[in-house]
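First subunit A sits with subunit B, and in the next complex the same chain sits with subunit C.
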Partner chain A sequence: MSLDLAAHLIDIIGAFLLITMIVILEAGDLYRAIYTMAVQSVFIALAGAVLGAATHNTDLWVIAGLTLVVKVFVLPWLLLRVIHRMRIHHKIEPLIPVTATLAIAAAIVMLAFYLSSSLVSLKQVITGNALPIGIALMLIGILVMMSRRTALMQMVGLFASENGIFFTAMAISQGMPLIIEIGVTLDVILGALVMGVIILRVKSSIGSDIADLDQLKG
Partner chain B sequence: MSSLLWILPLVPIVVGLAMLGVKDRRLLNLLDVASTSTIGVLVWVVARAVMQAGSLRAVKTFYADAVTVVFLGLIALLSVTTAIYTIGWMRREVASGGMAERRLPKYFALTQAFIATMLITVLADNLGLLWITMEATTITSALLVGFRRDSDGLEAAWKYIIVTTIGISFGLFGTVLVYAAAAHAGASEGAMNFTTIAAMASQLDPNIVRIGFIFILIGYGTKAGLAPMHMWLPDAHSQAPTPVSALLSGALIKCALFGIIRFHTIAIGACGPGFSGHLLLLFGIISVVAATPFILTQQNFKRLLGYHSVEHVGIIALGLGIGGPLGTYAALLHVINHGVTKALVFFVAGDAIDRYKTHTMDKIRGFIRAAPYAGTFLMLGAFSLAGTPPFSIFVSELLVLKAGLAGRYYVVIAIFLLMVIAIFAGLIHHAGKMAFGEPDPAVPRGGEPASGVLAMSMLVVVMIGLGLMIPPVLDTIFTRAVEVTLGH
Partner chain C sequence: MDPTLTRWIWPLVQTALLVLLGPLVTGLIQKMKARLQCRRGAGILQPYRDLLKLLRKGTVQSDTSGSFFRVVPVLVLGATCAAATLVPVFFAPGTAGYASLLPLGDALLLAGWFALARFLTAIAALDAGGAFGGMGASREMTVATLVEPALILVIFSVAIVAGTTDLRVIAGHPVGMRGSFGAADLLALFAMLILLLAETGRIPVDNPDTHLELTMLHEGMLLEHSGPGLGCLVLAHHIKQIVLIAFVQALFFPWKAATATSHALIMGLGAFLLGTLALSVFLAIVESSYAKLRFFNLPQFLSISLLSSFLAVALRLL
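Let's turn to the complex of A and B:
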């Protein structure tokens, strides 16, 4: 695969990543948000495969496989299990109206492209538009976390946000060192486990969603 | 000698795993003290070797220079004193039912894991590894913050893990950008290593490094407790079990500062001292100002100490931001001074809270009568935190002041002085009311555990010693660390 074709494909994948992110942002249902996050991760794995084929860097294939296993299967499975154990209703009430969050998301995307356009030399080391799209994904992920007061939705936002970082990191011409990617992925899994444990512990001992607790002030 | 660098974090990992199979509280305490003392000795050996050779390196990714030694020293000192303090603290906790005996192995093992992750963070040459272990400190310590499993502790643990994880994902993005800049400038072997990037810093594209540094400062700044990203800190530091609070406030937030210092060095090389310095100055002064009203109006003892950490991290950022050899020296000295004093006052707070069964400062009276040692240490610690001589914080704050005036940062220094004076008044008022007067007859008197008094005395000796004189050996280490930080 030529590098030009790869850059073209990365841009197409980037567009799909943004679309999935918008779906997560306006999702009114936990299941839909989690499944969309899984789909988004499929695109991340695909991006890894495309870049691996273009640069002949076998590490990227490993990273793509790792993403597929961890982010497409393990993390969504973990989240679904927590939902199941909590027996919660999965409708989520946004704190901010959806139209407002969508407007903010649009502003974030424009800001990300504007910011990246000033970094001319990065164009040579990062394939296609992976930099602005990565920044936009990361910031919209945080928007997801801020606009919902549900612990599980905050976790979905966090993982989606991390997808943005992974996307940009993959597209750097040399790729991240494999061992570092594995370490970061390990942190993501361990972090998710600990978050899940805290959520379930609060649910079982106090009977409420942890994101609703606000005793600590001042 | 250089293999010590990976043996060092291995000590708490091995001991921590062994602890999982031990049920006896005394044996666990013994292992805890033995492990941390071993770390102390090894750090001393590493420090000597670094002073002789300039730097040490092991297996590509582990690296120690004078900056590392400063932070290693702080982690080692606080780990040892915390382990000693835990002996008496844990005996009371178990007796009062605050900690179930069967959960002790897990508590001690997690503490060892927490110490190991902090050690690797400051020993990492690879900036990716630095990020990974920094995130690992969050994961291990979040479990410790919520260890009591009550609703406040769990709420604090949740806020802590979610806010700092999202925060330091900014740090990962910044790391990726700086790595891309190094890759663009032609680095191949070890393009993620701090030493490689710092050596070629002048060839990096300054625009990329600028954006990268902003991400790093927001990311690691969240973990360090710089305002306005500090909202989780008073919660986590007040809800954690007291020995953990001491490590969080004294050592962990300094590890995040270590990450910022590494990228500050790179940014100085790539864009000159102005850019990263001014950003640090800005966040520093915001932190000092933002913490002040909360310190003045605070009613909860441990939350008060949490807000003080925000203030003092701000002062460290101010020192780094003012920069130059003097400002940077002041900042690094303040890392040690604040860590030592803050661990001391958290130990004192732990005793007071157990004795009076309350976190509310208004309900604590006559602490010197009830606990002569801890009560006296409370006053000493408060005067030190408030920045009065002859305590060590006075020295580093004075140096920040001198550097600021020399650099003509008059407005910043004026704001800084105003806040420090207000905080002085508030803190002495709080501490005086707790220390003096007649305690309620129901409050138990005396019976201070020898281990607690020993741990606090060790910290007081350092706190006063560094206030009176900086030993030539330490001065050499700090001077070298300043040179490394400024990229000389």
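Let's turn to the complex of A and C:
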């Protein structure tokens, strides 16, 4: 596969990533957010595979496979299991109105383009929109974490943000070195497990979600 | 062929095709919906029969409504047909088309005709004095404030590349000039598909099948009309639907005949019919697999399309 074709494919995958991110941001339902996150990870894996085929870098194939297994199957399964165990109601309660977060997301994308244009000296593997889209995904993921009350939705935001970091890394270099990528993936799994345990403990001891933990009690 | 004749013949043929095929597309979507729900469903030609039945009936009018109320259906149908003249269906001469008079082909004018038709329908619904009509009109206009900016942004995102809002040129571009199908096109297409659901009054936004729910938007406005007037409004809705379907294809899948040779024309017509079929399947599947949204959740749903069309423009400009 030629690098031009790969750049074009990754451009299109970037658009799909943005669309899935918008849907995650808009989702009023935890199930929908989690499934969309899984779909987004499929596109990340696809991007890794495309870049791997173009640059003949076998590490990227391994990373793509790892993403597919961990982010598309294991993590969503884990989240759905926590929902099932907790029997929480799966409506998402935003801190600020969803339409307002969508407007902020638009501003974030503009900011990402502005930031990436000041990074022109950076040598990019994939030229074009990949770098700003990666930065935008990262920041919108953080926005999801900031603007939602429930811990599970914050986890979805974390994973989406991690997808953004991965995409940025692919745009700048040819993905991170394999050992770092494995480390990051393990960190994410570990983080998910710890957060899952904490959510369950919080739920069982005070019978509510983390949004109510805003006061210190002596 | 005589040049003055060719000026008129292509736009008229294409508009006539849209007007004639409009009810067929509705019938097709209803049939597919019925099959997806394991019903047998009415025949594909049912909308034509409904229209003929309505045109033969007499008119009943509420006492509060004025004479303007009777004119509105014809005006709405006229505005929608005018919109139909703007969209290239299978023949788009590109920049050579500047020589011809019609289709005028300006995409912003298309949005304008739709806005006029919507305004007239809403005004007539208020004129009749019924509670349902007023509710429907109020809701339709609320949706319109969200749909129209997104539609304009989608048009701009394509017009930036083509350098014009003239649909003949946009749809007539050889693929190389527009560049290949990129990220911005994809985002704009996504926004446009949501707009298609909203503008044709389909299920996440509006329910086209019911007349007796407080949730209805478009049907609520038509409640006070009857007979030929209702027929005109229903036909206008069919036409609006197929015009929007043709519009999506003109913006994003410009496989139109550039010259008037019979081979190219048949290819262009085939591409149009295939594209229409694909979009009808899309509408039928979405309508069978989703529930109608609460009205107060609509702004959230429609702002997805507003945001992605905005991003499409941003990707083009930045």
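Rule of thumb we're sticking to: the second predicted complex is superposed on the first by the 206 of 218 C-alpha atoms of A that agree within 3 Å, B and C clash if a C-alpha of one lies under 4 Å from a C-alpha of the other, contacts with A are read in each partner's own complex, and residues count from 1 in each chain.
Just so we're on the same page, contacts are C-beta pairs under 8 Å (C-beta built on N, C-alpha and C of every residue); 3 or more make two chains touch, one makes a residue touch a chain.
In this text, all values refer to a predicted model and were calculated from it rather than measured experimentally.
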{"item": "Subunit C versus subunit B on the shared subunit A, clash or fit after superposition", "value": "fit"}
{"item": "Touched partner set for A:24, first subunit B, second subunit C, both or neither", "value": "neither"}
{"item": "Which of subunit B and subunit C A:44 touches, first, second, both or neither", "value": "neither"}
{"item": "Contacts of A:137 with subunit B and subunit C, given as first, second, both or neither", "value": "neither"}
{"item": "Which superposed partner A:184 touches (first subunit B, second subunit C, both, neither)", "value": "first"}
{"item": "Inter-chain angle, subunit B to subunit C through the CA centre of subunit A, in degrees rounded to a multiple of 10", "value": "150"}
{"item": "Which superposed partner A:198 touches (first subunit B, second subunit C, both, neither)", "value": "first"}
{"item": "First (subunit B), second (subunit C), both or neither touched by A:172", "value": "first"}
{"item": "Touching partner for A:153 - first (subunit B), second (subunit C), both, neither", "value": "neither"}
{"item": "Subunit A residues touched by each partner, larger count belonging to subunit B or subunit C", "value": "B"}
{"item": "Contacts of A:75 with subunit B and subunit C, given as first, second, both or neither", "value": "neither"}
{"item": "Minimum Cα separation, subunit C to subunit B, after superposition on A (Å)", "value": "19"}
{"item": "Contact footprint of subunit C on subunit A as seen in their complex", "value": "8, 11-12, 14-16, 18-19, 22-23, 26, 28, 98-99, 102, 105-106, 109-110, 113-114, 117, 129, 132-133"}
{"item": "Partner subunit A, residues of subunit C touching it in the complex", "value": "180-184, 186-187, 190, 297, 299-301, 303-304, 306-308, 310-311, 314-315, 318"}
{"item": "Residue numbers on subunit A that touch subunit B, as the complex places them", "value": "115, 118-122, 124-126, 134-135, 138, 142, 145, 151, 154-155, 158, 161-162, 165, 168-169, 172-174, 176-177, 180, 183-184, 186-187, 190-191, 194-195, 197-199, 201-202, 205-206, 210-211, 213-216, 218"}
{"item": "Complex interface listing, subunit B residues touching subunit A", "value": "126, 128-129, 131-132, 135-136, 138-139, 142-143, 146, 149, 151-152, 154-159, 161-162, 165-166, 169-170, 172-173, 176-177, 179-181, 183-184, 188, 191-192, 205, 207-208, 211, 234-235, 238-239, 294, 297-300, 303"}
